[in-house]
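Each structure below appears as structure tokens.
Here subunit A shows up in two complexes: once beside subunit B, once beside subunit C.
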Partner chain A sequence: MNHFLRRQGWVTGLFALLIVLFIATKIIQPGYGSGDFGSLARAVLPYAFAVAAQTVVVIAGGIDLSVAAMMALTSVTAASMMAGASEEYALFVVPFVLAMGFVLGAFNGLLIVVTRVPDIVVTLAMLFVLQGAALLVLGAPGGGAAEWLKALISGTVPIPGLPAAIDAWLPKALLVLIVCLCVIWIPLRRSRLGLSIYAIGSSELAAFRSGVPVARTRVIAYALSGLFAAMGGLALTMSTGIGAPIPGPYLLASVAAVVLGGVALGGGKGGLLGPIVAVFVLRLVRTDLTLLAIDPNVTAIIEGAIMVAVVMFGAFITMRGRQ
Partner chain B sequence: MTTSPLLDASGVAKNYGAVAALRDASLSVLPGEVHALMGANGAGKSTLVKILTGAISANAGRILIRGEARDIRSPAAARRAGLLPVYQEPSLIPDLDVLSNLRLTGTPVEPFRAWVRELGIPDLDLRDTARDIPLAVLRVLDLARALAVEPDVLLLDEMTAALPANLAEKVLEVVRRQGDAGRSVIFISHRFVEIAALCDRATVLRDGATVGVVDIEPGVEEKIVELMLGTRIVKTHVAARSVADKARPPARPRITVKNLRVGTKLSDVSFDLADGEVAGVVALEGQGQDELFAALAGSIKPSGGTIEVDGSPVKFTHPIDAIRSGIAYVPGDRSEALAMQRSVRENIALPFSAALRNWGPIHMRKERATVASAIERLQIDTRAQGEVQRLSGGNQQKVTIARWIAADARTILCFDPTRGIDVGTKQEIYHLMRELAGNGKSVLFYTSELEEVQRVCDRVIVIFGGRLVDIFPVEEADEPALMRAAYGLPRGAKADVGILADPHSSTQASNASDAAEATP
Partner chain C sequence: MSSTAITPSPLPLGRRAKRFMADRPLIPLIILLVILVVILQILRPGIVNERWIANTIKFAIPLAILAGCQTMTMLTGGIDLSVGTVATMSAFIMATQIVNQDPAVAFLLAMMPAVLIGLVNGIGVGVFRVHPLIMTLGTTLIGTGCLQVYQRTVIASGAKIPDFLAWLGTGVTPMLGFALPNALLLFVPLAALIVFTLARTGFGRLLYAVGDNERATRLSGVQYWQVITALYVTSSLLAGITGLLYIGLIKAPSLSLAEPLVLPSVAAAVIGGTSIFGGRGGYTGTIIGALILTVLTTLLTILQMPEGARRILFGLIVLFVTAAYLRIVEDK
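This part shows the complex of A and B:
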């Protein structure tokens, strides 16, 4: 129990914060219901994938500034390929786009490993490259998406035997998110590869001496980041039905959620659950502030303040715990 | 003997640009042998170790394992070839728990547990994060992890450095038994006592080449030192205070510590430090000496007691307060004290430009003169002075001391300053401390190597379990006496303890080490 709390204390705290926020939302807007929760889940979806992409790389001791641009490129690629094409064609588009994200991510990693240019520089350069490429694919928002893909994240999951009132609180978007993340993350956490990602983030020298292939592990971490970013890009196309070549606000949001989610920016610490819960917290705060009709500019300031306050509070608790 | 060597490296060379780190190194290790690898700092020991363990690749040379040529390109390949190193810095991943660290290297858990117990750590929780485990224990865990996979050749780099005496003893015992079990051990150490007690043969490196392989037998010490240094040096006892000085009435104490208490780590410690003396501090690992030095250096606040400087009480809330009172702290870990990527000059000049009132333009000519005189006085090898991290460990340590000489500190607190430094530089540091004392400065000197005490100190302060248990003059401070005192035994006790003890008898010694373990 003690171990569990020490390891998962941060995530538990974030869940508590999330519940407090839900209660606050219900108080501010007594009509807040399952439909609103569904749209929250849909809005969170691309953010959550962006955060997952950032988390993998940060745990491995790096940073990926090209996350949002990667999402834009994969999104427009998917949208332009599916525009006017048959429904079945999308069955080919989805794995193609995911593979593209994986390869582009691996390319990021290879550049970092081979050229020894710092990650922040390589991925910044990649940000520009991918942004340009996205505009080449689609000059303006457009394209299309298969209907079954769009349907995949709209509506709720009907579970037989459960009353509709509970079904209504299980949006499909949430299920898609959980399934996609679990399918990759859980096997990863239990493998030597996962340990190696944590190891190179925690101490590269110690990892090298423990026999970890540092360069290969780093390339794979970036490739996984690309894969998650491609999922994010697909999620964008699925929710809007089109592709937009200009990257959304996902880069900074992903870094914010990673920090808030208890992942050390230096690497080696944290998990995926924390940052994902953190995304919900950040989006819900924004919803609440909008419901309170607060100036959007003030909203941004409040979000920043919350982030610093939570991280400081967390550090304080950790320090008290050590003594 | 016709036994073929388990590991046979010959003609190994490694160049970094125009600099040759290794020219012609060879090392041949027989099965079941504990083989010492020796050499002054910069002789190429660590380069050879890195090549053998796959951390870097050699430019030339041949490595045979069991008679087969092997190309070891990575630490993972070295592991597969049966060659396992334990480095000076623990290689456990700090953010993973012990169990995950074992999984990462594919180490079986049960043998690991057995070795950990064997090595004298009975209550290890595998769920502990490596970062939260003390350094000394981490090193032992690293060794246990290597032993658990039963390697053919075990490579131990300064294994006992920074280990408290009780753990070091267990480690040496286990290493000795490895040899008997038919495995080979390459043992790198600066401590002759250990090598004499443990090793069968020694390979000596100098300037990147193997200059000799000797059998370890009584009296070989001189020969090894001669080989290492290329010239004959006499093992000198740096003279403590001369007789004339001793006749002088004791000076007014420079620092008086009364009933100092720091949390639960240190309680009721009182002593004086006079001008012109070197006072040694002797303690096993983690007996409160870290806290004592930190309190005197102003980096932690004592929870009780007083510190007086020149007769007036002081309260340090920040290291700058201590520095203003002329108290300088030289940590054992050089990286704690130096800005590694900056030049020798900047590092030496840092303390006198750090105060806020000095934040204006730097008086370059004056600074350069002060720095140059400090460099000259300490004979710092400044060929690589652009970045401190490129100096050898010994020269780095000299820079940390030079800065306080340049800043004219009156009291210097040296915390294990000779850790992992070659014999020649050690001698220079001993001389320097005596010279400082001769110029009326005072030095407080903690060392984990007991033989240093008699060479340098005037008086010895012994700390055990957070309490000051004894203060005695250097004349009585031979190694057995210090060892006994460090274990908290009264001065009158007669039996030898530690590696000096007769392994077959002496129940008192084992009682003593049990007692030391029971009081962590």
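This part shows the complex of A and C:
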């Protein structure tokens, strides 16, 4: 039991926090209903993918500063390819953009492995490169998105046999998020590769000596991160209908949610569920503050303070646990 | 290092040159700087004149001071991403408070957020053991929010740039037949102080020691949290001073004034040979790194490329220089 709590305690705590926040939201705004939940899920979508991208790399013992830039690049690529094109063409665009993210992510990893430059520096340099590439693809916000893609994340999932009242609480955006993450994460977690990713994050030397292909695993971890970031970019294009070459606040948010989600920045610990719940918590806090009619600038202060306080608290707990 | 005592047979020239550079890491950096200036001169003959040099130095100085913050924090294995926000805050507060306040009071008010943010960073990293990247990102968020709220309160009073800061930031003084930027008056003592602190004082050695082996340092009786708190407060103060200098140079107070300098400041420190994992590096390399980045920016501007291509090249060059530098220095 103690073992279970220590392993899952953080995520359980986050879930409890999320529920408390939902109750608080309902109290602040008695009219908060399924429609608002749907828009929350849509707002969370790009953040959640950014966080997933960061999580994979952090578990492997690295960090990826180029997440937001990668999202911007994939978003503008998708938007400019789909602008004025037929609906069917988008069927080709989606896999193309996902593959692009995967390859660019792998390139990140290859650079780190080959040049032996610290990952912070490599992804920092790639941040500039990807940002520049995004500006070359699309100089100003523009482009378009196929209607069926936009429809994919708006509205709710109709499930036959369920009353409409429950149906309304299952937005399509949430389903898209869950499906996309599970399709990649669950097989990964159960595979040898997933184990290797945790191993190199935990101790690179020990992993190497036990025969884990460290370089290859690292490259794949970054490639997966690129893939998730490309999903985030697509989500951006899907929800706005255009692509914007300037990266959003996703880098900071992704690091914050990863830490809040109980993934150790040193690597090797944590899962994907914690960070995703953390994203919902952070977004819901923002919704609550908006509902309370608090100045959006003060909201930024509160968000920062929450992040710092939670991280300090987490570090404090870890310290106490070690003693 | 150990193989220098015995040299069995004369090495081939290439290897000898490599070893020579590895022992003096500044030389390849200076060579790179000279190459960049020569390329600039070839592309646009006559551009490298007295005025250009003065301008380059003026723009390199704020970057170099911020990179100094990164150098010192990186020596302990940390990083300080809040320098941009701190610099912006002190610059903005100075420009708005000077309208109604005495300059000395305005200066103290401008330095206050710097000390506070530095203190919070230091306590978070030193006492609570939060990862420096996260801690300084968090204080960046808080600082930016505070600044936006503050901006609302002073929107009526307007802002002005104090003459002294404009003089310090943009002015040049002819000296020995050469136009020297006034900012050097601030930078030379500051740089000397940083170099001296890092190389010759106990505090400097502690920074290297903490970055090299934190556990050993603590076991030998060093109060880790005191060192880290002092370090982050110093770093923030330097960033605050940079903000004042930078507002004198840019002359337009805005809420994202020094933000674009943050990532280049990390790059300058890394190019200058400071290890991001701590324990190795120095400030002289960082200064040259800042100069290299400034010349590089000019070069990319002169090539008249689209903004996107410029950023791509900037990123690639930073990566390439760091990789090449690591190869040279680590190849013993």
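Note that the second predicted complex is superposed on the first by the 307 of 323 C-alpha atoms of A that agree within 3 Å, B and C clash if a C-alpha of one lies under 4 Å from a C-alpha of the other, contacts with A are read in each partner's own complex, and residues count from 1 in each chain.
To be clear about the criterion, contacts are C-beta pairs under 8 Å (C-beta built on N, C-alpha and C of every residue); 3 or more make two chains touch, one makes a residue touch a chain.
If you're wondering where the values come from, they're calculated on a predicted model, not measured in any experiment.
*Asks:* Could you tell me if A:99 is touching subunit B, subunit C, both of them or neither one (first, second, both, neither)?
*Replies:* Neither partner.
*Asks:* Contact-wise, after the overlay, does A:91 reach subunit B, subunit C, both or neither (first, second, both, neither)?
*Replies:* In the superposed model, A:91 contacts neither subunit B nor subunit C.
*Asks:* Return first, second, both or neither, reflecting whether A:269 touches subunit B, subunit C, both chains, or no partner chain.
*Replies:* first
*Asks:* Have a look and say if subunit B or subunit C is in touch with more residues of subunit A.
*Replies:* C
*Asks:* Is A:23 contacted by the first partner subunit B, the second partner subunit C, both or neither?
*Replies:* In the superposition, A:23 contacts neither subunit B nor subunit C.
*Asks:* So, A:182: does it touch subunit B (first), subunit C (second), both, or neither?
*Replies:* neither
*Asks:* In the superposed arrangement, does A:199 touch subunit B (first), subunit C (second), both or neither?
*Replies:* After superposing on A, A:199 lies in contact with subunit B but is clear of subunit C.
*Asks:* For A:211, decide between first (touching subunit B), second (touching subunit C), both and neither.
*Replies:* A:211: touches subunit B, not subunit C.
*Asks:* Which partner does A:134 contact after superposing on A: first (subunit B), second (subunit C), both, neither?
*Replies:* second
*Asks:* Could you pull out which residues of subunit A sit against subunit B in one structure and against subunit C in the other?
*Replies:* The answer is that subunit A has no such residue.
*Asks:* Which residues of subunit A touch subunit C once you look at their complex with the stated criterion?
*Replies:* 63, 111, 115-118, 120-122, 124-129, 131-137, 139, 245, 252, 255-256, 259, 265, 295, 297-305, 307-308, 311-312, 315-316, 318-319
*Asks:* Flag every residue of subunit C that touches subunit A in the complex, lowest number first.
*Replies:* Going through subunit C, the ones touching subunit A are 79, 120, 124, 128-131, 133-135, 137-146, 148-149, 152, 263, 266-267, 270, 275-277, 306-316, 318-319, 322-323, 326.
*Asks:* Could you pull out which subunit B residues touch subunit A in their complex?
*Replies:* Listed in rising order, the residues of subunit B that touch subunit A are 53, 55, 74-76, 79, 85, 87, 89-96, 100-101, 103-106, 127.
*Asks:* Using the touch rule from the top, collect the residues of subunit A that touch subunit B in their complex.
*Replies:* Touch residues, subunit A against subunit B: 3, 192, 195-196, 198-199, 201-203, 205-213, 264, 268-269.
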